[in-house]
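One chain, chain A, links the two complexes that follow: it is found with chain B in the first and with chain C in the second.
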Partner chain A sequence: MNDEFPRRREHFPVGLAHLGLETVEREIPADEPPALGPNAGLRQIGKNAPRWDARAKVTGAARYTVDVSLPGMLHAAVLRSPWPHARLRSIDLSRAAAAPGVHAALTVAEPPVSGKPIVLRYVGQPVAAVAAETPALAQAALQLIDVRYEPLPFVTDPDRAKQADAPAVYRKPELDKVPSAGLPASAAVYPLSGNVLGPESRNSRGDVATGFAEAAVVVDGTYRTQVQTHCCMEPHAIVASWHEDGLDVWMSTQFTAGVRVQLARHFGLPLSRVRVQVQAMGGGFGSKSQMGVYGRTAVSLSRLAGAPVRLVYRRDEEHMDSGNRPSSEQHLRIGARSDGTLTAISLHSHGSAGIAFGAAPGGIASALYPCPNMESLHYDVFTNAGPSCAMRGPGNTQGAFALEQSIDELAEKLALDPIVLRDRIDPSPVHREERRMGAERIGWSQRRAPASDPGPLKRGVGMAQSLWPANVQINTACEVRLWRDGSVEVLSSVQDIGTGVGTVLAQVVAEELGLEPAAIRVRIGDTEFPSGPPSYGSRTTASITPPARTAAWRVKEAFFRTIASAWQVDAHTLIVQDGSIQVRNDPQRRISWQEAAAALRTDRISATAGRADDYAGFRYRSGDAAMALNDLGGAQFAEVEVDTESGVIRVLRVVAVHDCGRPINPRQIESQVQGGVLMGISYALMEERILDSHTGWMLNPNFVDYKVLGPQDAPEIDVVLLENYQGFSASDAYGISEPANIATAAAIANAVYNAIGVRIRSLPMTPAAVLQALGLVPGGRH
Partner chain B sequence: MANEHRKEDAAAAGRIAGPAPLPIVLRVNGETRELMVEPRTTLAEALRGPLGLTGTKIACNHGVCSACTVWLDDLAVASCSVLAIEVGERRITTIEGLAGQDRLHPVQAAFIDYDAVQCGFCTPGLVMSCAALLARNPRPDRKEIETAISGHLCRCGTYPHVVQAMLALGTREEPDLE
Partner chain C sequence: MEPFAWQPAASPSEAASIATHTTAEAMLTLTGRPDTQQAMLIKAGGVDLLDLMKEGLVNPGRLIDISRLPDLDGISGEPDGGVRIGALATLARIAAHPALQQSHAALSQAAALAASPQIRNRATLGGNLLQRPRCWYFRSAAHHCLRKGGAHCFAFPGDNRYHAVFANQGCAIVHASTPATALAAYRAEVELADSAGHRRRVPLADFFVLPQADMHRENTLARGELLTAVWLPPQKPDCRAQYLQIGERAAFDWPLAAVAAVLDMDGTGHCRQASIVLGAAAPVPWRARQAEALLAGARIDSATAAAAGEAALAGATPLSQNAYKLPLLAALVRRAVLSAAAIDTVLPANPGAP
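Right, the complex of A and B next:
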C-alpha cells in the first residue's frame, strides 16, 4: 500500500433498505470515519429534525439580503436598454451624477473589445447605474442620463432567427464574449451560421443509419418547450461595501465561495480581503450562482461612492434580466426491435438562450436508456432576448419532455405497457424498483386505454422517468469545533437557500458526537468559514455532509484521546451516548460530555475536513466538480383530468418515487420533492415568457400575466423515498432538488395523452393548446 | 448655462421624486409609532424602512403574491397595495407582533412541525393569512384553507405542507412528527 496515504478496510451496507442490504468491503483513507450503518440503527440521521432556521423564518426574524441595512447605505437603480438591439452612440452621466442625493453614476454596459462601440442586445440590458440616498432619488436620477441609441435590426423569435436573412445578433469575432448558460464555457469553438451556432455533438456514438435499418418500429416527433423564468420570491439583491481593508458583500446567492472568487478576480483583490455573506436566502433555482452584472455594478458603485450600496431588482427586472430556462425545439427519432431493444436514437435540437448559449436539452436522451447508435446534434439559436442561465435540472427537464413521451409512443406501437418497455431498456435496478413502487401507489393496473371516458371530462394516468448526475464539489470543506463548555459548532461557507442543508449538517454532526441536532450551532453562509459547495447541481448535501461527519469524527477522536489518556485506557474503547462518554461494556467508567470538555487543555478542539473522493471512485472529474458512479433517479406518476370543452388540465395526483442515496432528513426531502413537482406542473401548464416580436419587450414581466402555480392548483403529492446505500462516502448521501423537477412535465403529458388520446408535444399545455390539439379551435403546432 | 441646467435637473428630479415626506402616526403591534413618509410610500415600505419591521417581505410589489400580508384590524391585506398615509387609526399587526416576545402563534408552531417552510421568504405572509383564517374559522377544511391562501405564491412549493399544518391545527391532532 502507499505509505504516504494510509488506508484501511471498512464494510459498508449496500442496496435498497426495504429489499434487504448486503455488505461491500471498501478501502478508504485512514483519516475518514468508520462506515455508517443503515438509518434504522441511527439516532439522528434519517429522522425528521425540525428545520434549523424554521423558527427565525416563521417569526420574521430571519435576515435576508434585502433586509440588510448599513449606516450610510446608498440605493442603486439601473438604466436599462429600451431597444432589443442598438449601438450606444453616446452616454453622458454628468447631469445624473450632479443630481440631488446622487453619490455615484457609472456606465455598466461594456464594449465587446475595448475602444469598440458598446452594443446592446436585449430589452432590459443594463446600460448605466446610479447610487443615491434614497431609492426614489436614484430612480429620478436615471432620467437625467443622456443616452443616444442607434437602433439596429433585431430578432426575438427563434424560428425567424434561424432564417438566413434574419438580423444577426452576433458576429463571429464576438463569440468568445457570449455568456454560457451551460457547457462548454466558450461559444467560439463552434461554427456560426447567421444566428445558428453549432452543432454540438458530444453525445453522438455508433451509426444511426445502421441502427434505424435494424429497427422494426420507429417513432418520430418534434417537441417544443418554452422559456421559463426563475421567479425567486426574494429578488436578486446585494449590499456591497468597499472599504480600505477590502470588500464586504451581502448577497442573495447560491454560492458564497464562488462569488468571492469572481469578485476578487474582477476587482483585483486578494481573496483574503473579500468576504461574501448570506444568512437567509429567498430562492435561487439556478439564477443566483454568479457574481452577475448586478454584483459588479453594486460593488463598482460602492467603490466610486465610498459608501455601502444596496441594489435590489424589481419584479419586472427579475423577469427580464435575471436569467431564464432556454427554449427548445427537439426533433427526436427512436428506433427499436420488436422486443423493445433500442437500435437508434436521433436527437436534432435547436434552442435559444437569448443572447447566451448552452440551450441543449441535456444528456437524458443519451444516458437514460443505453443505445449503441446515437446521433445528438444541437444548435443554439441567438435571439435578442435576455440571457438564459441554469434552471432546476437544466437541459434534462426539456429533454425528458421529449424523450419520455417518445418512449410511451414507442411502447404503444410495440403494444407494450410503458413500464414493461422501460423495464426492458433501462438497466438500472433502482429505476425499476421506483417504477414498481410508483405503479402500485398510483393504481397503474387500473389504467385504461387512451380516451376511455365517454363524457367531456376525461381522466388519464401517465408516468416518466427522471435522471440527473450525482454531482459532487471536490472543493468543499467543513469545520467542527468543540468548546471547553461542551458546546459544538459546525462551520462552512455553504449557504442554505431553502434546502435545509443547515439542519442536515446539525444532524450529521450530532449523530457522530452522540448529541441532539438542536445542540449543534450551525454557522454557514459566510466566506470567513471553510469553503463550502455551491447550492446548484443538486450537489450540496453530497459535497458537504461527508466532510462534516469526518470533521466531527476527528474532533471526537482527539477528544477521546484526552479522556483515554487520563483514564489510561485505549481510546478505541470509548463510546459516546446520550451526552456522556464511557468505556464500552464498563458503565463505571463514565463522564458527562460537559465534564470531559471542561478538562480540555485549550479552549477548543477544532478539525477541518475536506471532501474525500468517493470511496469507489468517480465516473468523471474535472476541476472542482465530479460525478459519482451512479446517477440520481426518480419515477413520477401523474393522474390528470382534462376538460375537453374548456381545455383546462387539472393535475389530480402525483406520485413521486425518488432516490438520493441515504436520506438524512426525510421530511425536508419531501418538501423539496413537492417543490420540484409543483414547479414542474407550473412549467407544464402555465408558465411562459412572452416577448413582443415587434418591440422586443417582455409582455408579461409580472405575476399577473406570467402565471405561476398557486395553492389551488396544487394536487395531492405522494412522495416515496428509497434508502439506497452505496458505500460511496462518509455520509453516503446525495442530492434531490433537480431530479424532482425533471420528469413532471413529461409525466403529465403522458397522462394527458392517456386521457384524451391526443399527444401534446408543446409546452405549456394551456387550455388553448389543448383545444387546438383536439382540433376544436384552429392553430397550434400539434 | 451649467447652473441653469442644474436647477432644471433638480426640479425635474424633484418632480419625479414626488412630494416631500410628512409626519404620520401608525399603531403597529400594540405600539404607537411616529414616522415621516412620502405620500407615495406603501405600508410595506414604511414597515420595512422607517419602522424596521423587515419580517414583512416585498416580492412582487403589485399585490399578486401576498408575501407582504399584514393585518389591518382583523383583515389580512397586501401591505404593498396600501399607502402608509391612508392607514389612519387602524391597528396594524405584522409577523413580529403576531405572537409576542419569545412565543409562537399556533400557526407558527405548526409550520415548524410540518416543515411548511423552505426558503421562507413568502412564509411570514402565509403565516399571517393562515392565522387570520384560524381567527375566524377554528376548524377550516382543506377547501377553506386553500381559498384563504389562494393569493399567495411560493416558488419553493410549500403549499402541501402549509395545508397539512393547518388541517392538523383545525382537528387539534397531535402533530405527526415521524
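Right, the complex of A and C next:
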C-alpha cells in the first residue's frame, strides 16, 4: 500500500442478519469511519424515520419545478413534427418572433450532418420553439411559424422495419448522431443493414453448439415486450434563467450535478457559473437524467430573450417525446443436462428504441445463472418513433421476462419444481434464501399443477428473480456542518426524486452524531453544494450514504478534539449519546451538545467527504461509475386469478423478497419495492405505447387510452427485506429501485402459466392476448 | 384550449334557444381544423365537452352552462311504476339510488362502473348519453376522420382493437356511454325539450343513429333541443336484470365489452321475455335479437345461457384486431343471463367499481 494513504484494519459484520453474522477484517483508508455494527444495535439507521419532506408534500408546501415562478418569466412552447419522417424544406420564424408578447423564437432541430438539410424522424420531434409572455401567446405563436415539410417514406412497426425493402430511418453516415438509449457507445461502430444495426455481441463465451450437444433438454421460445412510457407524475420541466453572471436552472431532474456539466459544456460556460436546482420532484424513471432537448431549448430561449423561460411538457409530449422503454423480441434457447446443469444459453434479440439505439435486453440471461456456453447477439431495429432512454431496470426488465419464463419451462421439462431447479443452478446464497423466504410467505408448498382449477376462474402461483448491478457513483461528495449553536446540516447536490434519500441522509448523520434525524437540516438538490450522485441505476443510497457518514464522523472527530483539548483527555475516549458528550466510563465528565458547540472557535466547522472505493474493491469501474462485487438480487412471487372466459388476469398477491445491503429506512425501502411491483404489474398487464402504422402518430398519448394500473388493480404486496451485511463501505448500503421492478412481469407470467397451463410470451397480457393464447379468438391461435 | 365565454342558462328553453349548434355540428369541419367560431354550445357536467376543447377538437365561443338549472336532476317514481331521471342527475346519484337499485338494477350497476368516482360525481346522465365517441382517431386532432367531416376512416386500415364488431361498415365507433347499454335493455326513452318548451319522448333505439344513417352524429338531437330526462318504463315484478362489463383495468376504463340482460321470469325457471343489449360492440347499444328470441319462453339453464351467448354474435363482422370481442361478448351474455336468473353468479374477474 502507498504510504501516503495510511490505512487501518477494521472488523465488519458480514452475512444475512437473520441467519447469524460473521466477522471479516478489512483494511480501510484511515480517514474512513470505524466499522458500523449491525442495525439491531443502532439508534437511527435501520429505523423507520418519517420522511423528511412528508409534511411539505401533504400540505402542498413542497415546491416542484412546475411551481417555480420568477419575475419576468416567459413561457415556452414547442413546435413538433406532424410527420413521422420528413425533410424540413424551409422554416421561417419571423412572423412568430414578431407576434405580440413573443420574446424569442428559434429552430430546435439540427441537421444530421452539418451542412445537410434537417430531417425529422418521428411524430412529435421538436422542430422549433418560442418563448412568450403567457402560455397561450406561446401556443398561438407556433401557428405563425412558416414551415414546409417534404414527407418521406416511414416505418413505425419493427417487424416491417426489419424487411429489406422498408423505408430507411438512417443512412450509414448519419449513425454518429443517433442517440443512445443504453450504454454511451456510438452506433457507428456496428454494421447497418437497412434499419437493422448490429449485431452487438456482449457476454458471449464458450461454444453454444457444444453446449447444446451436451444438453439432455432444450427449451426454445420467442418473447416479445412492448414499448412502455415513463409516465412521471410531474412532467419534464425546466425554468432557465440566463443572466450576466451565468446560468441558473431549476429542473425536474434525476441528476443536478450531471445536468450542470452538460449545460456548461453545451453553452461554453464554466462550471462555477452554472447552478442547477431541484426541490420536490414528481418522479423520474430514467428519462430525467440528462440536459435533454427540452433543457437545451429552454436555456437557448432564455439567452435569446434575456429573461427566464419556463418549459413544461404536456402529457401528450411526455408520452411521445420524453423517452421510453424499448421493445424487444428475444429468441432464447437454453440447454441443460438432466440434473438441471445449464450447458448453453443462446439469446438472439431484436429491439427497437425508435430513432435511438441500445434496445438490448440486458445482461440478466448471461449473469443470473452461470453457464459456460453463452451466445448473445443483439440487433437494434430503427423505426420512425420517439427515442427510448434508460427506464427502471433497462434491459433486464425485458430480459427477465424471457429468461425467467424459460427457466420455469426448463424446470417443467426436467420434472423439477422451479425453485428446486433454481437452487441447483443459482450459486448465490442470498438468492437461495430469498427464494426460501418468498416460497414460505406465498405458500409455495400448496402450489398445484398447471390449470388445476376446474371452473373458468383459475388461480396460479409463480415466481421470478431479479438481477441488477450494485452501482456506485465514485464522483460523489457530501458535506456536514456543525454550527456554534449545535445545529447540524448535511449538504449535497443529490436530489430526492421521491425515494426519500433526504430522510436517509438525516438518519445516517444523526446516527453518527448521536442526534435525532429531525435535528439534521437536509440541504440537497442544489449544485452549490458538493456534487452528489445521480438518482438512477439504483445507486443513490450506495453512493451518498458512505460520504455522509464519513463527513459526519470527521466533523465529530474535529469537534471532539476541541472538547478533549479543553478537558485535557484523549479525544478517542469521548462518546456522544442522547445529545451529550462524555468521557467513556466517566459520566461525570459530561457536557451537552449545545454547550460544547458554543465553545467552537468559529461559527461553524465542516467536513466534506467523497465516496471511497468499496473496501473490498469494485468488480467493474469506468469513469465516475463503478459496480460493487456482488449484484443486487430479489425474488418475487405472484398469485394470480385468470378468468379464462374474459381473459382478465387479476394479480391477487405479490411477495417481494429483496436485498439492498444494509437497509437504512425499511419503510421507505418497502415503499420503493411496492412502487416497483406496481409498475411491473402495469407493464405486465396493460401499458403499451401504440403507434398508428399509417400516420406514425401515437394513438394513446394520454392517461385514458395509455393504461396505467389503478388502485383496484393493485394487489396486496408483501415486502420482505433482508439485512445483507458485506462490509463494503462506511454505510454498507446499496440500492433497491430497479431490482424491485425487474422480476414482476416474469413472476406474473409464470403464475399465469401455473393457472391456465398456457404460456404467454408477449406483453402486455391483456384480455385480448389471453383469449388469443387460449385459442378462443376466431381466426386461430397466434 | 381557446378562450371562450361562459353563460349560465336561466331555463332549459333559454338554453335551447341560445345554442347555435349541437356539439356534433360544431365539430364538423372540412379542413380538419375546428373553426374558432362563435358556436354557442350547451354544457352540463362538462366532462366530455371540456375534453374535446382541450384536445382542440371544438372551439366554441360560448358555453351555455345548464349544470345549475333547478329541477333537472330529479329521480322520481311515476304512478305507472316507471322512473323519470332528470338529465342532470349524476352517475354517482343514479348508482347509489336505493329505489333504482331495486327496480332497475342493471342501470345502477352500469352507472357504478362508468369512469371514476370523481367523474361519476360530476358527469350527468344527459351528458353521458350525448358524449362523443372514444375512437382514438376521432379523438386525435391529427386525424381528420369521416365523423369529423374528413375523407378517411383511419380505424379500418389502422388499429381497431377497441372498435365495433357489429354494424361497423363505414365507421367503426362504439357507443361511448356505459349506462346507455342498460337503458337500452330497459327500453328507455329520452325526453327532449325545444326552445318553446315543447317536450317529446323518443325511444332510445330511435334516438341513437348508426353511421349508415348519419356518419356525423350519434343521435338525433336537433339544434335548439335539450335532453331533459330519461324515462324508464315500469318493470314487471318478476323482471331480473344484470349488467356486466370487462375492461383492461378494473376501473376508470371504457369497457372492451359489456352486456345488459333483463329477463322477465315466470317463477318456474322459464323466461317470458328477454332483453339482451351489448355495449362496446357497435356504434349504438346493440340489441342481440337472436339471443332474445332464443331465450323467450325457454327454461334458463347453463345450456340456454350459452346458446344465447353464441346467438348474440349473429351478424358480427369483426375487424382485423377485435375478433377477441366475440368470445368476450358470448361469455358475458351467458354470465349475465345466468346471474340475472340467479342460477349462477360467476361474475367477471374484473369486478370494476364497488
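Basically, the second predicted complex is superposed on the first by the 775 of 782 C-alpha atoms of A that agree within 3 Å, B and C clash if a C-alpha of one lies under 4 Å from a C-alpha of the other, contacts with A are read in each partner's own complex, and residues count from 1 in each chain.
One rule holds for everything that comes next: a residue touches a chain if its C-beta (ideal position, glycine included) is under 8 Å from a C-beta of that chain, and two chains touch if they have at least 3 such contacts.
All of these numbers come straight from a predicted model, not from anything done at the bench.
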| item | value |
| --- | --- |
| Touched partner set for A:P82, first chain B, second chain C, both or neither | second |
| First, second, both or neither for A:D53, with chain B first and chain C second | first |
| Superposed model, chain A: greater residue contact from chain B or chain C | B |
| Partner chain(s) touched by A:Q712 [first = chain B, second = chain C, both, neither] | both |
| Touched partner set for A:C231, first chain B, second chain C, both or neither | first |
| Partner chain in contact with A:K116 - chain B first, chain C second, else both or neither | neither |
| Contacts of A:G647 with chain B and chain C, given as first, second, both or neither | second |
| Which of chain B and chain C A:G498 touches, first, second, both or neither | first |
| Common interface residues of chain A - those touching chain B in one complex and chain C in the other | 136, 704, 710-712 |
| Partner chain C, residues of chain A touching it in the complex | 82, 123, 136, 455-457, 641-643, 645-650, 685-686, 690, 692-695, 697, 699-700, 704-705, 707, 709-713, 766-768, 771-772, 776-779 |
| Residue ranges of chain A touching chain B (in the complex, touch as defined) | 47-48, 50-51, 53-64, 66-67, 95, 98-100, 134, 136-137, 139-141, 143-144, 230-235, 280-283, 285, 314-315, 497-500, 667-668, 670-672, 674-679, 702-704, 708, 710-712, 714, 716-717 |
| Residues of chain B touching chain A in the complex | 5-6, 9-10, 12-14, 16-18, 38, 48, 53-62, 64-65, 67, 94-96, 98-99, 104, 108, 111-113, 115, 117-124, 127, 146-147, 149-163, 177-178 |
| Footprint of chain A on chain C - complex, ascending | 3, 134, 136-137, 140, 142-143, 154, 157-159, 161, 246, 248-253, 256, 318, 323-324, 326-328, 331-332, 335, 346, 348-353 |
